[in-house]
Structures are given as C-alpha cells and as structure tokens.
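Just below is one structure, and these are the notes that go with it.
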Amino acid sequence: MQTTFPRLLLKHATERPRAAAMREKEFGIWQTLSWGDLRELVADIAGGLHQAGLRRGQHMVVVGSNRPRLYATMLAAQSLGAVPIPLYQDSAAAECVFPINNADVCFAFAEDQEQVDKLLEIRELCPQLAHIYFDDPRGLRKYDEPGLMAIEELVAAGKVYARQHESFFKTHIEQAQPDDVAAMFFTSGTTGNPKGVVHTHDSLLDRARAGASFDKLTHEEEVLAYLPPAWIGQNIFSYAQWLACGYIVNCPESSETVTIDLKEVGPTYYFAPPRVFEGLLTSVMIRMEDASALKRKMFHAFMELARRVGPDRMDGKPLGLADKLLYTLGDWMVYGPLRNNLGMSRVRVAYTAGEAIGPDLFQFYRSIGINLKQLYGSTETAVFVCLQPDNAARADTVGLPIAGVEIKVAANGEILVKSPGLLKEYFKNPQATAEVLTPDGWYHTSDAGFIDAHGHLKIIDRVKDVGRIKGGANDGAMFAPKYVENKLKFFPFIKEVVAYGDGREKVCVMINIDMNAVGNWAERRNLPYAGYTDLAQKPEVYQLIQECIEKVNADLAADELLAGSQISRFLVLHKELDADDGELTRTNKVRRAFIADKYQPLVDGLYGGKTEQYIETVVKFEDGRAGKVSATLRIDDSKTFAPIKAAA
Amino acid sequence: MGFFIETLFSGLMAGMLYSLVALGFVLIFKASGVFNFAQGAMVLFAALAMARFAEWIPAWTGITNLIFANVAAFLIAGLIMFAVAWLIERLVLRHLVNQEATTLLMATLGITYFLEGLGQTIFGSDIYQINIGMPKEPIFLFDGVFPGGILVNQEDVIAALIAAALVALLSLFFQKTSTGRALRAVADDHQAAQSIGIPLNRIWVIVWCVAGVVALVAGMIWGSKLGVQFTLATVALRALPVIILGGLTSVPGAIVGGLIIGVGEKLSEVYLGPFVGGGIEIWFAYVLALVFLLFRPQGLFGEKIIDRV
Amino acid sequence: MSEIKPLKKIGDVIMDVRNISLSFGGVNALTDISFDVREHEVRAIIGPNGAGKSSMLNCINGVYTPQQGEISFRGQSFKHMSSRQVAEMGIARTFQNLALFKGMSVVDNIMTGRNLHIKSNLFLQALRIGPAQREEEKHREFVEHIIDFLEIQAHRKTPVGQLPYGLQKRVDLGRALAMEPQVLLLDEPMAGMNLEEKQDMSRFILDVNDEFGTTIVLIEHDMGVVMDISDRVVVLDYGKKIGDGTPREVRENEEVISAYLGISH
Amino acid sequence: MFYRENGQFKTSYRADQQIFPIAQDRWAVLAMLAFGFIAVPFLFDEYMFRAILIPFVILALAALGVNILVGYCGQISLGSGAFMAVGAYAAYNTYVRIDGMPLIVALLAGGVFATLVGVFFGIPSLRVKGLYLAVATLAAQFFCDWAFLRIAWFTNNSTSGSVSVSNLKVFGWAIDSPIQKYLFCLTFLVVFGLMAKNLVRSAVGREWMAIRDMDVAAAVIGIRPMYAKLTAFAVSSFIVGVAGGLWGFVHLGSWEPAAFSVDRSFQLLFMVIIGGMGSIMGSFFGAAFIVVLPIFLNQFLPAVGDLIGVPISTAFVSHAELMIFGALIVWFLIVEPHGLARLWSIGKQKLRLWPFPH
C-alpha cells in the first residue's frame, strides 16, 4: 500500500494519539511529544507556512541538529506538498549558498542563533530567502531582520489559520501523492557543485519498509538521533523509518551529553559509522587501563573467551556446555556491565556503514553480544540495498540484497543496482542523472565488487581506482588498491598505506607506521630508537610489518578474484604522509598519483628490485618553513601464496 | 559570716584546680586553635602515671624514700606526657591542619576516649592515692576575728601555692624564653608566625607538652586530695565553663574564671542548693557560662572575633 | 554577531548610593562614596586590589553596615538592612572567592536560590505531599532553565566541588539568577579565569542583561573586560571615588590613569 | 555490576526527584525492608533482639536525629543524651499522669517537649559557633541530668529515683515480646527515616546544608540563619526525643537519668561521625557499628586471649573498647570524614561503572 509521510503521521496520530512519537532531553528530563501532539504541531506549522506563502513544489531548507521541531517542520512542508532540504548544521555559510539558490529556496528553518547568523550572512547572495524561522530564541530576541521569526510565532499564527480553515491540513495532505517528491539531499561531490538527490515518498518509504521488515522493527523501537539530519542515513533512521514503523525517536540534550543520553535512552535500534564504534572501543580500553591489575586480568580473560565463542554465539551456532557456562558468567561479570555503560544493553539491531570496518573492531561488539551488522547503500539508493542477516554478519561483506533489490556486476566490476528506492533524478542536472541512471533503470554505484560464494555482496573499491596487473605471474588479475590498503590499515601498527600495481607486474606498497602503536611495541621489547625515521628503518619493525603483510597475502590468496593483488615488495616510509605536503587529501585519503611521482625513486626502487634506496624529500614544518629530509630506505620482499581455489 | 568565708575559701580552692585545667585548654587553643577536650583525660592519664610509678619505683628500686619516689614518679610521668603530646601532634593534629574547629573538637573527643582506655589498661582502673606528704590536718585561722575561727585545709593552701608557682613559672616561660615568645607569636597570628620561620609543628608539640605538665600538676594535686580515679577525667567537663567565662584565649581569664566558677559553685550549692534539692554545682557553672555567652560571646578577657566575607 | 548589535534601552535610576563611609576599627575602607545605578544598565566598579570594591558590595547587600550614608533602592532608602531583606528586594550577588555550598550538587546549589519563593511548610515538606512536591517540581523546572541558559547540563548532578573553577563560577552566577533578581551584583566574576573562560563569562553577563533585562553591578580589577561590557564605570582608589562615567570618559580621566591605569597590567 | 540503567530515563521531574531514581536501588531497598519486617523476626533469638536489634533500631533513630543537626546543619551537639532524656521523661509523665493516654501519642508528646528544650538550648547557636555551641549543649546535658535526678515531680515522686512503665499497648496489641518491640521500633525508624529523607531533599534541607557549607552566602541569598538553625534543632531534638521515649519505654522498661548521661551524647555523636555526617544511611551504619562492636569485642578478644594463652579480663575488654572507639573516631575524621556512608556510596558508584574503575 503506497502512502506519503504526512499520511503516515495522520495514521499514527489517529491509531495511537497518546503514544510517544518523539522525546527530547530538555531541561533535565525527556520531554515527550505524542503522535497526537505532533500532528497538532505539524498542522499549526503547516498553517503558518501556508499563510507565509509556501506552496506545492517549492523547496524549504532546514538546518540544525536533531530537534523535534526540525522534523515537524519537514513534515509540515511535506504536508503542503513542498520539499524539505536538510542541510548540514556544521557546513560553512558559503556552502549553503549553492543549494539555496539551486532550488531557489525562500523558506528556511534554523535551529539557533548560530544557524540564523549563517543564513543572514549569505542573504545578499540569496536575496529570495525571505523567511527564516528559528527554534531556540537564545540571543535572537533583539534581532530585527526582515522575515526573521521565532517558530513559536509561526505556530501561533498557524493555529489561528488552522482554526479558520478546518479541513485545510487534511485536504493538502490528500493532494500530495506517493510519487511526489518528498525530500532532497545534497551530496558533496568531490569536484564541482554538490548534487541535489531527489527522492519521492515512494522511494524513501519503500526502502524504509524493506529495511524494517528485514529486521522486524516494531513501533516499540527506541532510536537516538545524534547524527546530522542532513545525512541520508540519519534521515532514514530518524524520519523515514520512524514514520514507517511509528517508533520513538529520542533527541539528545546537547552534543556534549550524547554519551550520557545514550546510556539513559538505551536504544534498541542503533546506527553509527565505524569511527564512532572505534572511538567507543578506544575509550573502553583506555578506561580499563586504570583498573586494578586483578580486574584487568579478569576483563582480558573474559574478552579472550568472548573473542573465541562470542561470534559463533551471535551466529546462533551451538556452543559447548563449558563455554556456555563461562560465557554466561562473563556476561555477568563483563559483557553485561559493558553493554550497560556503552548504552547498548537494549540494542536489538545495530548497523555500521559508510566505510570499511576493521574485523577486530567489528567482532568486539558482536562478541560482547551486541548485534552489530553492516549494510550497503548510498544517498542515491535511499540507503537500503544490502543488509546482513542477524546470524551472518561479516566484517568483509556488506550482506545480502534485500527485498526489491536487483544487483548485477558490470564487466568492469562495477556494481549496478535496480531498486524501488533509487533517486528520481539529480535536481536540475539531467546530464549527471544520465551518467548514473541507465534508461532501463540500473543505477551505477561506481563501486567495484562481487557477490561471494554465500551470496553476500563484497565491496572492493571505487571502480575508477580498480586496476589490472600487467605481465608477470598473474597477468590481468584484478588489483584493488583501496581494498589492499584497508586490509593493511586494520593492523594497529600501520597508519597509512599506498599500494601500486595497476599496469605493473606485481603489487608493491609504501607504508607509514603508527608512531604510538609501534613506539609502544618497541618500548615493550626495549628497542631503542631516535624518532620516527629511525624507528621506521629498524629491521625489527620491518619484520613486524612483513608479518602483517604476509597475513594479508594469505587472506587475499583465499580470495579467487583478488589473489593476484598479493603484495610482493614493501618499504616503510621515512616520514609521515601529511596533508600539508599534499600527500593526503584534507579528509586524509592517500593521493596515490601525487605520491607516486613525488617519491619516484622509491617506486623505481620497489620495482627495480633494489634492496635499499636513497631518497631526499622537501617537507613543510608547522611554521611554514620548508626543509629537507633524506634517508636510505630498505626495501623488503614479502612471501606471497598460491591462490586457493574456493571449494564450491 | 565565718562559714561564708570558709565556703568562699573552699570555693577558691576548687576554682584553682579548675583554673589549672582551664589553663591547659587555653594554652593549646591559643597556639593551635584546637579546643582540647582531652585535657581532662590527660589529667587522669598523668595522675595515674604518677600515682602508679610512685608505688612501683620503691617496689623496683627498693628505695623507700617518699621524696625520691615522688620526684622520680613526677619526672617519669612528665616524660610520658611529653611522649603523649608528641604522638598526638604526629598522629592526629598534623593530619587535620586547617580543618574546621568542630572537626578538631571531635578529634580530641576521640583522643579523650583513647587516653582513658589506654591509661586504665596500663595503670589499672582502681582508686589510687598520690601521697606527696601534704599535711592533712586542718588549721584554724583568725580565731580572734570569728568565733571558732575559719577552718582551712593546709593541703589546700599548699596546693594553692603550687598552682600559683606553676602559673608564675609559665608566665616567666612565656615572657622570657625565646620559645615562649615564639609561642606568643603563633598565638597572635599563625600565618605571620610561619612566615617569619617559626615551625608550627614544633610549637604545637611544645604547647601540648606544657599542657601535659599542667595536667600533671593538676592531676597530682587533685589526686592527693581526693585520690586518682576514672572520674578525674570528667574534671575537663567541669572546667569548660571556666574558659567560656574567662575567654578562650586568655590565660588570666582562665585563672580568674576558674576562681569565679569555683566560688560560684560552692556558694550556689550552699545557699541555693537546699531550695532545689541540691547537687546544682554541676550545671550552675554551665548556666552561668551560657548566660555569659549570650551577652559577651568572647568571654571576660577574650578578644572579639570579626569574620570577614 | 557584531554587525547586528542589539539595541537596548537604559531606564532611570534604580539604586542610589549616597555618601557611604565604612571603617573597620579605625581603618577606613570606604570614605564618602556616592554613585547611582540605572535600570537595565551594566555598571562597573573598578579599582586596584584593596580599593574597597568588595566592601562597597557588602554594604549594598547588608553584610556590612556603613557608619555613614545610605542606599536607596527604587526610591525607598535604608541605612542598614538584613541580607534577607535585601534579597527580598530583589538584589542578588555572586562572590569573588567561590562561596558555593560544597556538599551539594549543581542543581541543589541553584535550587537554594529559589528558597525565597518556597511556600510550603516543614510538615508538608517532611511528608512531601501535594503542594510541597508540586513546588519542588515547579522550582526544579525553573532551575533547569538556568542550567540550560548557562550551558552546564552535562554537570547537573555533579557535586560542585568536583567542577573546574570556571564552571563553579557559572554555578555561582546561576544561584544568583535563580533569585530572579532586579539587580545583580557580581564580585570579580572573571577573577582567576583564563581568556576563554573570561569571554564565556562576559557573554553570559551580557546575555543575562539582554534576556532578562537584569541590572548588573560588577566589580573587576581587570580593566580590559570591563570596558567592553559595561555602560558606565565607577573608579575607586583607597576607598575614595576618583572617577565615574562611560568607559571612554573614565579612560581619559587623568586621576584614574595615574592611580590605576598607570599600574595596570 | 548489577546495574542496568539503559532505558531508565525520566520523563518527569517527579520521577527524576524520587529518593531512589535507579530501579535496581528501589528493588534493593524493598528487599531490605521485607527482610527487616518479615524475615528477621523468624531468624533471631530473644538475646539477639534484646542485645542488638532493638538497641540498634532505637539508637539508629536517635543518630538520625543527631545527624540532622550535626551532619546536615553543621551545628555540633553534645547534649543529645539530654534531649533523649527529656523525650523519655516527658513521654513518661504524659503516659502515667493522663490515664488512657495512647502509647504513640505519649511518645510523640515526648518528642514535642524535647523539641521545646532543644530549641531553647539551640538559641545560643544564633550567636556562637562550634566550640561555644558544644558548651551550650553540654549545659543542656548537665542541667537535664540534674533535673531528672533531683526534681521529684519528673519521676512522679518515685522513691528510688527510677521510673518504669509496663504492659504497653498499641491499638489493643500488647507490646511485650522482643519481636513485637522490635517491629514497633522499626516502624518508627522507617517512618521517621522517610520523613527525614524528605526534609533533607527539600527546601529546608537545602537551607541547613547551605548554612553548614557557607553561612554568609546562605544569608545573602535570603536564607535566615535563625530559622534554618532552629528548625534543625527542632527536628533533630524531636526525633531524638522520640528515640529517647522508645529507649525508656520499649528497651529499658524502667530507667534512671544515668541511662541518658553525657556518655550517651558522645555515643550518638560517634555514631554520626563513624556512620557519616550528612547521610541518613550513615546514621544507620553508625548505630549498627557502635552497637555491634562492643558485643563483638566481648566475644572476640577473650577468644584471641585463649589462643595466645593470655587471660583477658572483662575490664581490659571495656578499656580496649574505649581505645578502639577513640582511635576509630580520629581515623575516620582524618581518612574518611564522611564515614561509612561514603565508603558505601563509593562502592555503589564502582558497581555502576563496573568494569570501569571510574
């Protein structure tokens, strides 16, 4: 049955008017907004916006962190047939100009003074932006800017209007059709202007539903909304699925209370990118460091057990009686309390996505009994393409295609998706649309990957980065630098990796060691060293790195497609790759090409079969001065393995 | 009339003993701001020590000479009190610097209990006599003036003299010796004293030692009058009103206060007591002090306390 | 937020200090001080340490009784008042060296500021029935708004003793705000703060002044900050008033320069 | 370790302000109450009730009262024994002089008189602090000791100077078996404990603590020191008075002023110090500790003596008791001024954060 977001609101409001729809921690308690109240609030805002002149098809910008009123405003806009555009609250004023003008927006909702200032700042550039409504009046009372208004006033005005026009809200909602545009999300393209991804009620809701039924979500789920609403992920979890399932969304009190609030709410359905999970894990480990020796022993003993039996347990495999008992004990002593302190004792389903997650990190959470899984999707696909079933979560796959999704792998290894959740178009950008959307409805993800033996989708790399080995033992084999690099980066000792191999006969890598990790490692085996360069060149360190590499090679060998990407030679760089030296992007991604010609001699050395190579490089210091560092780097070989043909 | 003077006299005697105890209080409070509830326990402890050693020494040494025994016992008891003082500073006060007065007060309560327990554990808990050979038989003065004259205990007179001597000694100690001057400096202003390099801890030990000696003397006199026993510890409670009256920080206050209270108790007991069933001296002093509190919190001689924001 | 400067209206005189003289045992802390405070303004009293600034404040809110002079508030003048009366008139203050209630949490500390408004008696409170409970909730809500205003939500239930100095200062301010004062006396609100904390504090002071229209009298010896946030300044030196006027006027005042700016840092 | 706080969020201030906001705590307390009221009567014998449980419950009540004055309002008191005495004798007189006077009313009346006396002797606290106040309260102590010893009227002219009550009844039920007595006292303890807790977490309680922590600041925000201090004295001595009544009526049955001597005052003060100043829970800990310790020593020391072949006299035990108390007081004041209660709350905090240390 097809529907729209506003209709779902009415549905919940009529079926369960008393039930909680949203909670916001404000003034020390969780202020609850029931579906009934929400409908009223939305109706009033809609009334106000309509009076102010917001019409069907127009766009409205909402910018701010997760606040009930922000979501209510989105609903109100949709009720009027207008299209809400959530913007990132931490984006600079300049970045807001393009979206606002691109969709020539006249209405904006801003959370607080900070956001209002941002919008006022760019007003000269966006003269059409006539109406700005703010939620939190703090510091704004004395502003007398034309068209600037507190949301309270809008609501008040709307109330009056709604009272005069009884049926206006309902009628508008009925006019809106499922295949109307529901929302627009701007994706920051690496080059050029951001593109507005246009989604209809159908596309978003269909995916929301598919995901919900896949994980059997009910209206009793609790969700904590703490990531930017402008990000499709957060929007699906705290908007689309919220309305689809009618569960409860909780908004934290402030950014610095998120951990406290998380612990209080104890969500049952949780989502976070890998870095968040990583941060949590590190904090756990750090806090355990200060614990008494005995407690630490116990902790590590039980974590060891968890590592051994936890994953199987999660996958529903049978355990030995002894292990069962031990694990139960562990659950009492460690896992339970840990989940409680992480705020995850109630988590039923937790997802991570966006980037590759380290296997240890991933297994840690599963082993202490948190059902952490991966999914695959993007803004253009309304997130849900592939999901991992509860009992088959792996760190290296992103799960099975779910209901409604078709997947095929193109000749160049690119993954093509067909699904009801695909974007309608890129706003006012038919050419870009054409690039990704074939006439027969296939969407080009520009990710390279394949379906593994168990039918799970496995992402290798961005298509444009995937290359081929030329000549040598495994000529023509697929080479996926990012995949190889990530596999190496999951080792704590390795900070950055640059892998080469496209169009060459073998794969070679340059490595940045992680100063802290390797430093500690060195101290523990009292190995003296003078600074980074010195440490990097220690034979012991090379030994250490070599082991890591060979582990990776073993892995790759097991992998039909990528067996050819095994690393045969490596060196450890004498300096840390640095964005200031142009070696990394500002988002800390390695710039392979740039590095390749900056360190030409090294690359030659690697492929020229040398065992060491002298190199001299210019570096920028903090104070902007430039200096030279020079060193002679050893180059080592690493064992590679014969590809193991996947049995069956 | 004669009877009145007799009562007055015995009052003065009792008062003088209070003064001695009160003196201990005042010394310590001046120097360290501690309201030493344990003063009474110290009196008991000292008295016990003296009484027992006075017994033991002849037994051990075989020298039965009374003077020798007493002097030796006195010295040993004195040393013991020094040790006690030192320990108290080391184990308690040092760890309670800049705590509120009430905390310190409660701490000294703890010390009181400890000393009482310890004293009786070491020296036993029966009634002991201290015999420093004071003439017991009373004498009559002014037979001419009043019919039958006035009956006075010689030992009271001697006790009074000893006490007077002690006070004189102390004032000499304070006025003339450098330590004494340091003590006065500390009493006047802790910070200032510290800044000119007077080691507070040492001063405290000394003060507590002095207080210990005062306690010893008081204990000795009291003991030889009425015997040494547990109740001696309660003398501290009797002496409290004295310092309220005299002012926490004033030596003369302690003495005058002591005498006033002593006399007040006896007179009230004799002249008011009968009407209310007697035994009123226990609280009379307190009520006196209390009334005083309401109108002159700083006491007779104490200086006014101004607390600034 | 510079280009859009909030416009604010300063009312007429709300408090008038007339010829105040105060001395401790012969030492003159204040001699014949007079100045007035207008409604909704930020009024600063500056002067080197020991200039008698704090004594002035203590006279205003009844901690000290001046030997001479009187203070009139909203027309009614008084020579001495109990701190309670002053509080009831709507004058609150913060303290230079923190005077928080160490044994209590942040919330409770600020709650004490509401005590003037609590009506229910001992027995109701003991049973915590009906009105008493409702009152507690009502005032807790009020306090929560202050906590929100001062952005200390994360520390709500922590014992104040455990907070860093800067936050304790905020709690102190919060406790004063809880009294819904008409005049707020701040005793060196930025003493011992680092630059960032100082900026936060001045923001809060201005916000209080804007949002609630509270009249503010603050003492500082740190000129810089004061000049930025105050409308008019009184300068004291050795218990005498040597300057009074807008920050600019004061800056140009010869006597002030010699007595104060000369030795300022 | 046992705490699972996820999902225990508060949607109203009432929920947030309850005494035990964490569900696990609520269950624990309920379990404890059930144990105290239902299990205990079946578990212990006469001796336990007479020697430990009943004294513990009554003294815990008294300590609770003292804690309000000393721990919450910071006004030291060495006269608590006197207020107990006033409670006991006032209750006695109301009970015997007015026939048909219900027991509970008599006990409460005792509390009321104790309140009056308490407030009267509290008046000095308006002018003086700490040491002086200690003296003022001592005055109360000695005056009462004397009054009840010498003024025959209070003892209903009993020749022996000791008074006694018998066949107590509450709503027709006799209170004579130890178990009944225990339950009777426990009920008082629970009711007053709850009310005390309510007070200290209400406006009045905050005023007390404000005066305790920083009296000048308290005055400036409009707290009247007089009101705060006197209410503290009143509430404190009311509870202490009722405890006194129970001590006399229920525990002793017949008593003399000595039962409420200055030593009792010190004992109560020690309970507060050891148990934890400014903590309701602490009062209970302190009482338990000080009631049990001597009994423990009486059993334990001789046993040890036998082991090492040194005969231990009862005298020694009693002296050892004094020393141990003294030492403990000092130790607590130095090391843990907030007493056992603080240790308890630290332990609780650790459990909440388990396995993390902090």
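Labels A, B, C and D are assigned to the chains in the order they are written; within every chain, residues are numbered from 1.
Keep this in mind: a residue touches a chain if its C-beta (ideal position, glycine included) is under 8 Å from a C-beta of that chain, and two chains touch if they have at least 3 such contacts.
None of these values were measured; they are calculated from a predicted model.
Engineer: Using the touch definition up top, find the fewest steps from subunit A to subunit B.
Structural biologist: The distance in steps between these two chains is 2.
Engineer: Using the contact definition stated above, find the chains touching both subunit B and subunit C.
Structural biologist: Where subunit B and subunit C share a partner, that partner set is D.
Engineer: Which chain's mean C-alpha position is the greatest distance from subunit A's?
Structural biologist: Greatest centre separation from subunit A goes to chain B.
Engineer: Busiest chain-chain interface by contact pairs, anyone?
Structural biologist: B-D
Engineer: With chain centres taken as the means of their Cα atoms, state the distance from subunit A to subunit C in Å.
Structural biologist: Between these chains, centre-to-centre, one finds 48 Å.
Engineer: For subunit C and subunit D, let me know how many angstrom lie between their CA-based centres, rounded off.
Structural biologist: The mean C-alpha positions of subunit C and subunit D differ by 41 Å.
Engineer: In angstrom, rounded to a whole number, how far apart do the mean CA points of subunit A and subunit D lie?
Structural biologist: The mean C-alpha positions of subunit A and subunit D differ by 59 Å.
Engineer: Based only on mean CA positions, could you tell me how far subunit B sits from subunit D in angstrom?
Structural biologist: Between these chains, centre-to-centre, one finds 33 Å.
Engineer: Tell me, which residues of subunit C touch at least two other chains?
Structural biologist: In subunit C, 63, 95, 140-141 touch at least two other chains.
Engineer: Would you give the residues of subunit B that are in contact with at least 2 other chains, written as numbers and ranges?
Structural biologist: As it turns out, subunit B has residues touching two or more other chains at 309.
Engineer: For subunit A, jot down the residues that touch at least 2 other chains.
Structural biologist: 28-29
Engineer: What residues on subunit D touch subunit B, complex-wise?
Structural biologist: For this pair, the touching residues of subunit D are 74, 76, 123-124, 127-132, 134-136, 138-139, 142-143, 145-146, 149-152, 216, 262, 266, 269-270, 273, 315-316, 319-330, 333-334, 337.
Engineer: Quick one: in the complex, what on subunit A touches subunit C?
Structural biologist: 26-29, 113, 117, 120, 138-139, 141-143, 145, 253-254, 256-257, 260
Engineer: What part of subunit D is in contact with subunit A in the complex they form?
Structural biologist: Against subunit A, the touching part of subunit D is residues 1, 3-13, 15-16, 353-358.
Engineer: Contact residues on subunit D for subunit C in the complex?
Structural biologist: So the residues of subunit D touching subunit C come out as 12-14, 16-17, 195-196, 198-199, 202-204, 206-207, 209-210, 212-214, 216-224, 231, 235, 278.
Engineer: Along subunit C, where are the residues that touch subunit D in the complex?
Structural biologist: Residues of subunit C touching subunit D: 61, 63, 82-84, 86-88, 92-93, 95, 99-104, 108, 111-116, 118, 120, 122, 125-128, 132-133, 135-137, 140-141, 175-176, 179.
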